[in-house]
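Each chain gets a letter, A, B, C and D, in the order it is written, and its residues are counted from 1.
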């Protein structure tokens, strides 16, 4: 019924997939201590390289490989700057972002003056599983990229939490001195991490262009790179947190696209928001049960009352598009503020170049 | 060399040679597959038709006011005619034009009041086209829900929306009209998701007021049989089988006419609006699309608007300036 | 002497590399590098008019850079400048639009204050989340940037939209609210706010070195725990630093609107100033004086890029490629310089040999 | 040609020179370390001990000189190569990752096969090491939750797991309680007996004479002498280190206690929400003109006591009075304003600001009020003069007051902290482990300063895990165990045995 149906979940998953893959790569890179604020540029490089490959050889697998290569190229530049030359990572990232946009636009105008269109990835139904109710339609009737993303995320999870490499990665980002003393090659781990992030962003970019829609437009990534970075930070550098963050972003984005085309906000949206606020309040209480209510909680309670009222009254109300567009970020902020931050610690080595003699 | 280039550039506008230089500035990319691309094609057509005309430079992606002003100034310094391709450039032109009285500015799609003497504002009444498209879409729709998807929320898009709504109501008062903005002309994926969301809400006829993003709408339509798609600007029938037709805004012709006249010094200053009569606007079906009933409907509404039987409602025509329009 | 020579040589090397790269790119699209150079020069410094534009546009970049420097000195790495510029600009615009008929001095001060207040308020959210909820400032500021963009989109289509046309733009600001420009520069492109460059740079240096407040900021940034243990309130220092830096960004927003040649509010007026300002500060190695220079370099890249497009039909994409390449090369050069310097200790450590000597500078006293 | 391990030379350095720019940290050093011995490396702060060992472990490359292991020439470009060859070092600042568990820290290793999971193998090796040496770790505990002693144990296990045969300890006792040190000393002897070689860097000659077989003294980066422990005296080594013999410690005048300076009543402090309390009903008096020592093993509540008095940590109940005034809303600023001063234990983290200059660190507190600052403005000239004067008075060795603090050696950083805290003429000085990591001469200096402060009528609260230090300096000693004061002894009656008995006793004595 209404807004929250199966198609909605499918849409959310499609929105989530490329952000998730790019964010997973960025997570690895940041866990190793390298933050690439130019991720948007890497995504674009992947999107364009994939498209360029498709214009030359019309093959999806090669297109994706091309996209990965494009992502790797910019990531390698980032790695040289951050790991070898040891420049400030934030400026390096800004440069990567500018270069990504500039180079892809420039090459697009030069190598592919006439825009071309390709068939996007087909949706494949997994036999049997796709017949399951709800889950089947949402999870097992998707395109190959989404399956691959799920596989990659699971693999990355295993690698991060179940292998020596994962330990080395965490150590490199947290305390390069300790990792170095244990014989872990800081350069090696960081290069690998940055390149993996480049490959992920490249593939995600290729999905945005050739995988999802089969075309390339300059600056077509529309800020997904920033969302991916925000997801890594918001997820407190954990894979689980990252999944939650991407889920919030994707679901709110899917909702806002829905709501825009409905004249008035349906009651169930107010009800869902009220449930969210209620959940946050209960969680805050649960953590410290005996304590006077704080101003934030009072505000929350008032908000809750208001939302419940809206859900009951269901007024004819439409909100400006910008409000919906801002919703994922506002929600993320509220969640951060409510969730407290003791658990919220960046890897101590993040953005710091490692110079051994200072050890 | 210190500043030697500057003097040369400064006097180029008043250059003696018989060639007439033309500059072009747009806030969007030049190959956006829509508004900018058609306008540029029109300028090119004018240049090709007359060997004396020369398109010297194109500044595109000038998305920010300051940059637009600088771009216009640089162009004005060395061109006789400067095309400012987009309504958002209205204020920038208002700032620059008085400083370059020898250059003629052709401002596209805007209708701002009180422009300088060397500015012509050229516009078309897209909302009228939208009325026809809305009526046809409403007739085609099974669910009686039609929708429009646009990039950023700008006047020409809202005009499309209001026009569609009015046209649909004429055809069937029960038809509902939805609108959605992706806030980005180039984000194809977002356009696809927006269209899918609309389709999920029951909309089965979608008008794409996106340039480069239309591809996403085609693909969403592919996913659900019976979804019709409409374009603006031109017919793209070969791009997707679901395209029913397009409310054609013949920017290329408008631009060609305007630039040719401006180069010849014949384009009047002030606002010029191209309407249904001029041929700059029309609604056309793709080959094999459209029932006879729909074609008749389209013709009837076109005629009714032209002869005043139907008057455009609120928001359909862009706000009318208080001064006289040259209506073509 | 030798150090200076190395420095100069490295800088020349970078300049040469950048030029070579640019030349290759230009040749690739069939534009003569010589013509390009002269077009670039004429667009940026070739005439008083253009030089005025270049300098005026350096001001907002510089203000953001100062904001970064202040926050960074206090150890608070926030990247919320784009959002703060936007909100500061919106606040200033809201006030400026009401200033018709108000005396110029009052109007200017009111707009500047509104800009500062807007930016500071937006940064205040970051500061509050950091101080009382423990949210990392880099995260919250990144998210708030994205919110600010939507806020602007709504404002220019809603409360602040100009009445006559329905473009997402405000009406023009009344002339009395515009910041005065130097009359003798043709086109009045040089706004008087360029005097902010030396004044604020000097002021900031004074603040850091000569005031208790600046000292407490630096101490908190140097070692937050040590600062707290020695009786400084590092939370207050951090909050003030974030809020002040937001104020600078907000003022930058006001400067973009009221000192530029486009006196109205529109979407995208921020024009990447927020992030580029950070780059300006970092390339100047967080030196306020150095930031003046790098801000001018950055603004000339912007201005010169537009003139390259207009004069020689160089595509805008190439301009951004060039800008990216310049940042990369300058970074590399700065790093090479630092390496060379680090190889020689700046201060020779006195080895403890006799165990008798006191502080060497005690003799000077 | 390989010498037989267990008897002959393990590591031989010849002519090792290391320069940092113009400064020579190691000057043509020859050193010979044999299997089966504990070799003490001695020298003043900044003598070049750490630098030399960093060369041995591949962290630095020597500018000149050669190394050979078992008679074969070796050179290490990376620490990993040294580790492979069997050389491992327990650094002064531990090289552990606090956010990982102890097991994960063991499993951290150069990845040959990236998808291998080293945890199981690490667990097995840790068990083997435990069987061989008795060293036990808590595999699933986060390192950040482990105490300093536990971390050090983990470092040693880490090296043994990796097969280190030559183990280097850089000032291992600096952070250990006496009990932990005794354990470590036993372990070193056992390792040596098993045929390992052990290098011990230490400033405490008592430790050196307790465990070492041979010694080498560095002075100004060069070898000043080497020899066997048997047949050497501490005075002889001190003279070699310092270049002259130290004046004997002066007799202390008896204390003349006056008004109470610090009065703590019924103080209760929480550690973890559901664990035992860090402090329980603590009563404590420190009077003007006396030094009160607090004895106790690490983790007995010393840190919480300091933090609570300073105002960093909230108390559940109880009161703190300073100079007769009750500190109500406790903040560090309030503590200092009431006449307090503090030499913290954790110098790196809470006492010095490495990125600021020596002068700014010395003036860290004085700079923010009159006379150095008026109406928020700083008198830079006066500040500079004050810093230079104090640096000279406290014998801080540096190139000038504008030298970055991080570039000072540890001992000189400590003296700067001392200068800062004592120069404000405080009523009460809380000194926590004030000589940690300092060489003998600097240690004497600190003791003298604290005693002088007492003699001038100041109060000192000395907190240390070194019982000898507490006994030697204090006029009264309070014994703290498990968050409770177990008893207060006068200097005359305090002996190691009595204090030890109080620490382990469960009931409160008067």
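One rule holds for everything that comes next: a contact is a pair of C-beta atoms (placed from the backbone, for glycine too) under 8 Å apart; a residue touches a chain by one contact, two chains touch by 3 or more.
Predicted model only: the values in this text are computed from it and were never measured.
Asker: State which chains count as neighbours of subunit A and simultaneously of subunit C.
Answerer: B, D
Asker: Which chains contact both subunit A and subunit D?
Answerer: Intersection of subunit A and subunit D contact lists gives C.
Asker: Measuring centre to centre with C-alpha atoms, which chain is farthest from subunit D?
Answerer: Between subunit D and the rest, the longest centre separation is with B.
Asker: If you tally the C-beta contacts for A-B and for B-C, which one comes out higher?
Answerer: B-C
Asker: Based only on mean CA positions, could you tell me how far subunit B sits from subunit D in angstrom?
Answerer: Averaging C-alpha atoms per chain gives centres 75 Å apart.
Asker: Take the average of all CA coordinates in subunit B, do the same for subunit C, and state the distance between these two points in whole angstrom.
Answerer: The answer is 37 Å.
Asker: Taking the mean of the CA coordinates per chain, how far is subunit C from subunit D in Å?
Answerer: Using C-alpha averages as centres, the distance is 44 Å.
Asker: Please set out, as single numbers or ranges, the residues of subunit C touching at least two other chains.
Answerer: 153, 157, 315-317
Asker: Multi-chain contacts in subunit B: which residues touch at least two other chains?
Answerer: In subunit B, residues 61, 153, 183 touch at least two other chains, as defined above.
Asker: Which parts of subunit D, given as residue numbers and ranges, touch two or more other chains?
Answerer: In subunit D, no residue touches two or more other chains.
Asker: Name the touching chain pairs, would you?
Answerer: A-B, A-C, A-D, B-C, C-D
Asker: Residues of subunit C touching subunit A in their complex?
Answerer: 29, 79, 129, 133-136, 138-140, 142-144, 146-147, 150-151, 153-154, 157-158, 275-276, 278-279, 282-283, 315-325, 327-328, 331-332, 334-336
Asker: With touch defined as at the start, can you tell me which subunit C residues reach subunit D in the complex?
Answerer: 209-213, 215-216, 218-219, 222-223, 225-233, 343-345, 347-355, 357-362, 364-365
Asker: Which of the residues in subunit D come into contact with subunit C in the complex?
Answerer: These residues of subunit D touch subunit C: 20-24, 44-47, 219-221, 242-244, 310, 312, 331-333, 335-336, 342, 344, 349-356, 360, 364-365, 367-368, 373, 376-378, 380, 385, 388-389, 391-392, 395-404, 407, 409, 441.
Asker: Could you please specify the touching residues of subunit A with respect to subunit B in the complex?
Answerer: Interface residues on subunit A, with respect to subunit B: 5, 7-8, 11, 14-15, 18, 105, 108-109, 113, 115, 117, 120, 208-209, 212-215, 217-222, 253-254, 257-258, 260-263, 321, 325.
Asker: Once bound in the complex, which stretches of subunit A touch subunit C?
Answerer: 37, 77, 81, 85-88, 90-92, 94-99, 101-106, 108-110, 218, 223, 226, 229-230, 233-234, 320-323, 325-326, 329-330, 332-333, 336-337, 340-342, 344, 346
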